[in-house]
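Next come two complexes built around chain A: one with chain B, the other with chain C.
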Partner chain A sequence: MARFAPVLLFAPCAFAYAVFFIWPQASLLAMSATEKAGFTLAQYERFFVDSYYWEMLGRTLWLGFAVTAITLLLGVPTAYLLARSQSRWASFLLLLTTFPLLVSAVVRSFGWMVLFFRDGLLSRTLLALGIVNHPVQTMYTMTGVIIALAQVLLPLMILTLHGVFKSIDRDLEYAAMSLGARPSVALGLVTFRLASGGIVAGSLLVFSLAISAFATPSLVGGARANVMATAIYEQAVELLDWPFAAALATILLVVVLAVSLAYGALLEGRADKEASR
Partner chain B sequence: MDIEINHLRKTYGSAVAVADLSVKVPQGRMLALLGPSGCGKTTTLRMVAGFIEPTSGSIRAGGSDITRIPAHKRDTGLVFQNYALFPHMSAAENIAFGLRRRGVGRAERDQRVGVMLDKLKLSGLADRLPRQLSGGQQQRVAVARALVINPSILLLDEPFSNLDAKLRESTGLEMSRLQREFGLTSIFVTHDQSEAMSIADTIAVMKDGELQQLDSASEIYEKPANRFVADFIGRANFLPGRITGRNDTHVSIALAAGITVELQASGVAGSPGDDGEVLLRPEAVSVTDAGPANTLKATVEQISYQGSIANLHGTLSDGSAIVASVPPDTLRGLAPGDAMSLVIRANALRWFGRRQQV
Partner chain C sequence: MGISHINRRQAMAALAASATFPLLPGAAQAQSFAGRKLVSSGFGGSTMDIIQAAVFTPFDKESGASTTQVPMQSAAALARMKAEAGNPQIDMFQFSGGQEAFAKSEGLSQPMAGVSRMAQIPAALKDPDGHWVTWAVIAEGIVYNKDKIKTPPTSYKDFLKPEYKGHIAFPAITNGYGVDFLVMLAKAFGGSEDNIEPGFEAMKKIKGETIFKAASDLPTLFGQGDIWIMPYDTGNTFKLQQAGLPVAFATPQEGSPAVNITACVAKGAKNADVAGAAIDMMLKPEAQIEIARRMRWTASNPETKLPADLAAEVPAVDKLAQLDRDKINAKRASWIERWNREIAR
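What follows is the complex of A and B.
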C-alpha cells in the first residue's frame, strides 16, 4: 500500500490536469490543423504571411518584456527591503502591497482608464506642471497598457520575490562583507545570486500572465493595442473562426514556452559563470 | 592589534540591548562575552564587526577608532553561529572568497587556500558544497574562510553551539591553538560557561545589556561579583543565613540549615543582623561520618552517578535543597531516604546580602 501512496496522492491533480488542460490544449492543436479534407497548415500560413499578425505577436512580446522589466525594477528593491526589515510595519506593508490582488483586474483597469483619458488626472497633472502643452492621450496606447498591466501584476512579483529573499539568511551578506565585499558586491555575489532562481520564477510568472492578459489590454488598449489574447477572443467569440483562434492560441503557447526556456537558461548560465569567476 | 571598547551603548527605541560596556582585549588574547540569550553579547560582537552601528561609545582597534568604519574595511575575520557558508560555492571557493575580494592572484590564492585546507584537515573536501559536509566540517570551512585573509581580529559567534558535545571540546581547543598560532586578538560570544572558561583568557559576564563581571575564569568562578554570576557560572547551592557576628578578621553566619560558618571578613559586606545567602559550590561539600559538630544534616533524595564524580541531591533540615559533587567511592553505600552528614570547606563560601540579590 505504502508504495502506491505517492501515486495516489498525485492522481487527483494529474487527472485534473489531463482532463482540463492537456485534453483541451490537444483539441485546440487538432482544431487548428484540420479541415474537412484532413490535415492542413492553412491557418498557420494565414498568420505567418500577414505582417499584421507578425506585428501583433511582436507587440504582445514587447508588452510581456516591458511589464516584466518594470515589475522587476519596482519589485526587487521593494521585496528586498520588506524581507530584510525588522520593523513590525513590514508585514503590514506586505499585506498592503497585496491588497490590489483582492480587486478584480477589470476594476483596476477601469481605474487606469479614469486616469488616462484625454482630460483625465494624468493629462491634467502633466499640463498643470507644464511638462506638456496640450492634453495627452494615454488611453488606447501600448504605453497605457504597459503601465496598467505592470501595476496589476506587481503584487505577484513582490510576493514571489519576498518569499525568496526571506529564505536567504542575512548572515550570508554579513559574511561576505566581513570578508571584504562592499555591501553592493555582497548583495550581487551572494543574495541576488541565490535569489536568481526565484527571480526567474517571478519573471516567468509575470511574463506569461502579461502576454496572455485579456482584461487590461482590451479595456485600456482597445483596438489600437491589439495583442494575441484580444485577437484570440475576437476570432473565437466575435468572428466565430475557431480554427484560426486555435492556431493563434497554439502560437502563443509555443512562444511562451520558448521564451521561458530561453530566459531560464540565460539566467542560470549567467549565474553559473559568475559563481565560477 | 588590541581592541578597546569604550562606553559602548546600543538601544532600539526604548529597549536597551547594550547599556554601557567598556572592555579591553590586549593583543593576542581571547575575551569571551558570556551570558544568557538577550544579554547583549551578540549585539556587541556585531558592533565590533561593523554590522550594527552603536548608539554611542567607541570601538578602537590597534589605537585607531573604527566605530564608523564599514564592515568590509575592518580587519576582522568572523565565524558565525550557523557558519553562513555560501551555499552555492564549494568549500575551496568559500575559503577563497575573501582573497578574491582583496584581489589576490590565482596562484597565491590557490596556495593559501591549500594551506588552510591542510591546516583544518579539509584536504579532499575542497570541491564539496556546504550541504555535502558534516556540521564539524562546515565549521572548519567557516574558520578557514575567516583565517585565510589574515585578519588581526577574530570574532566568533557561538561557533560551537551546533556541534555535538564531544566535537565541541576538541574544536574549542583547536580554535584556541589556532588563535595563539596566528596571534589573533579574539572576541568570542557564548552562552555556555564551560566553553568560555576552557578557552578564553578573560570572561565578560553580561546580563540585560550590562556587564556583570570582567575577570579570569577562576576569579569569576571562585569570586563571583553577584548572585547572578554565581548562579550562571557552574552549579551553585544558595543557603539562606544571617550574619550573627563580625570582628576584624572573620564574620560568623548562622545558616538556616542549623550550623554556623566563618567567612573572611574582607569578602563580606554586611553587618550583624543582615539576612542573605551563602554560595556553596557542590564540589566544596563532602560526605562525612555522622557525629562531628558543625556538619550539615541532610536526607538523600537522589544520587546521579556521572563516572568520575557523583552528584548527591539532598534536602537540608530547613527544607532547602543541596547538591554535592563527591567522588563516588565516598558515598559509603548511601541510598535515597538515608540520613547523611555533610562538611563544607569554609574558604569556598561567598556571602550575598539580601539587597544584592537583584
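What follows is the complex of A and C.
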C-alpha cells in the first residue's frame, strides 16, 4: 500500500491538470494545426514570416522583462525590511501591500485613466514640478501598461520574497559578520544568495503573469499596446479566426516555457558554480 | 426538439393565443408564457437597464415570462453564439455591429416566429428570410466639446483641421464605429466601401492622436483626456450630456451612418417562441418611443410617432445613411490587419 501512497497523493492534482489544462491545450494545438484538408502549419507560417508579429512578440517579452525588473527592484528591499522588521506593524504593512490584488482589473484601470490622461494627475504634477514643459499622456502607451502591471504584480513578488527572507536564519548573517564580513557583504554573500530560489520563483511568477495579462494591456494600453494576449482576443473574438488564435496561444505558451527554463537554469547554474568555487 | 419540454397545456394555450391574436391583440397574449424563462444577450450598463425597463419588463408583465439579459459586447456575443452552436444557452441575441448577417450565414440563427410587427418594418431593416430584424437605429456623427469648438463641425474632413491637433480621439477599428469612421473618411475624400484607400490616407494623418477601444472611455476622454472632437453617436452624446459634460452632436454633410441594433434568435433555442414574442415587443411603437426618450435611439418602426420635442433631437430613420454592411463585413478582417500595421503602430 505504501508504494501507492505517492501516486494517490499526486492523482487528484494530476487529474485536475489533465482535464482543465492538458486537454484544452491539446485541443488548441490540434485546432492551430488542422484545416479541412488535414495537417497544416500555415497558421505558424503566417506568424513567423511577418515582421509585425515578431515585433508584437518582442513587445510582449519586453513587457514581461520590464515588469519583472521593476517588481524585483521595488520588491526585494520591501520584502527584506518587512521580513526583518521587529515592529508590530510589519504584518499589517504586509497585508497593506496585497491591497492592489483585491481591486478588480477593470476598476484599477479606470483609476489609472484618471491619473494617466493628458489632463490627469500625473501630467499635471510633472508640469507643476517643472519636469516636463508640455502635458504628457501615459494612457494608451506601453509605459502606462508597464506601470499598471508592475503595481498589481508587486504584491506577488513581495509575498514570495517575504516568505523566503523570513525562512533565512538571521544567525547566518551574524556568523558571516563575526568572521569579518561587512554587513553589506554578509547580506550579499549569505542572504541574497540563499534567497536566489525565491527570487527565481517570484520573477517567474511575475513574468508569466505579465506577458499573459489581458485586461490591463487592453484597457490601459488601448489599440497601440498590442501584445500577444490582446492579439489572441482580437483573433478569437473580433475576427473569429480560431485556428490563428490557437496558434498565437501555443506560441505564447512555448515562449513562456522556454524563457522560464532558461531563466531558472541561468540563476541556478550560477549559484551552483559559485557554490563549487 | 425545442418543443419537447413544453407541456401540452402550454402548447395548447400558445396555439389558442396565436389563433385568437388577430381578433384581440394584446389581451389574447396575456400570460401565455407564464413560468417560462428567456435569456437574451444585452449591451451591459445603463443601456441594458433601459432596454430592460422599456422592453422586457412590460413584456414579462404581459406574457408571464421572466427575461434576463447577459451583458456582452456584440463581438463577444457572436463568439459565444458560435461556441454554443447546437446547444445555445442564450435564446436571443442583440447585436450592434452587423454580426446578425454573419450569424445567419454561419447557420447560427433561425427564422423568427410570432413577430407580427415584422411586416411594418422597412425591407432594408430586416432579413428577407426573417432571421433578424432591426429594432432600433443609432445615428453616428461627430461629438465635440462645445466649450472648445464654437462653430459646430460640418464634415468628416474637419478631423484634419490643424486647430484640433492633439485634441482628437477616434475609436480603434475593432470597435464598430472605428470601421465606420474609416469608411466615412474614405467617402469624404472621394472613396467608398469599394475604395478604402482615401480613408487610410486621411487616417494616417491623424494616427498620432488618441485611439480608444470602448465607449466606457468616453467620459474620461472628454474629462481628463482633453479631447475636443471624436466620431461617435447620438446615444453616447446624450449620456455624456446627462453626466454634465459640455458636448454636442453634429451631423456631418457626408451623412450620419446608421448603426442597426438588431435582434435574432439562436438556432435550436429552447425558448424560441418566447424570444419571438419579446422581439415583437421591441418593435412596438410604445417601446420604441421609450427607447428614443431615454437613449435618443432612432425608432425602426415607421408606425412609431415621436412627440415633437423628441423628434427634434432624434434623427428619423429615413434621414440616415445606410452603409453597405455586406461589403464592409467582407473586407473587415483585411482592413483590421492593415489598420493594426499602418495606424496603430
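Annotations for the structure displayed:
Assume the second predicted complex is superposed on the first by the 269 of 277 C-alpha atoms of A that agree within 3 Å, B and C clash if a C-alpha of one lies under 4 Å from a C-alpha of the other, contacts with A are read in each partner's own complex, and residues count from 1 in each chain.
Operating definition for what follows: a residue touches a chain if its C-beta (ideal position, glycine included) is under 8 Å from a C-beta of that chain, and two chains touch if they have at least 3 such contacts.
Being a predicted model, the structure only gives us computed values, none of them experimental.
Per the definitions stated earlier, placing chain B and chain C onto a shared chain A by superposition produces no clash, and the two fit side by side.
In the superposition on chain A, A:Ala210 contacts neither chain B nor chain C. With chain A as vertex, the superposed Cα centres of chain B and chain C define an angle of 140 degrees, given in steps of 10.
Counted by residues of chain A touched, the larger count belongs to C, out of chain B and chain C. When the two structures are aligned on the shared chain, A:Ala79 is found in touch with neither chain B nor chain C. In the overlay built on the shared chain, the residue A:Ala176 is in contact with chain B alone; chain C does not reach it. After overlaying the two complexes on the shared chain, residue contacts for A:Arg193 are found with chain B alone; chain C is out of touch. Once chain A of one complex is fitted onto chain A of the other, the partner contacts of A:Val185 are limited to chain B, with no touch recorded for chain C. By the touch criterion defined above, A:Phe110 lies against chain C but remains apart from chain B after alignment on the C-alpha atoms of chain A.
The gap separating chain B from chain C at its narrowest, counted between C-alpha atoms of the superposed chains, is 49 angstrom.
On chain A, the positions that touch chain C within their shared complex are 52, 110, 113-114, 117-120, 135, 137, 139-140, 218-219, 222-224, 226, 234, 236-241. Within the complex formed with chain A, the residues of chain C that make contact are 75-76, 78-79, 82, 102, 172-174, 210-213, 217, 220-221, 223-226, 332-333, 336, 340-341, 344-345. On chain A, the positions that touch chain B within their shared complex are 169, 171-172, 174-183, 185-186, 190, 193-194, 275.
For chain B in complex with chain A, the residues that touch the partner chain are 46, 49-51, 70-72, 74, 76-78, 80, 82, 84-89, 93, 97-98, 101-102, 145-146, 149, 155.
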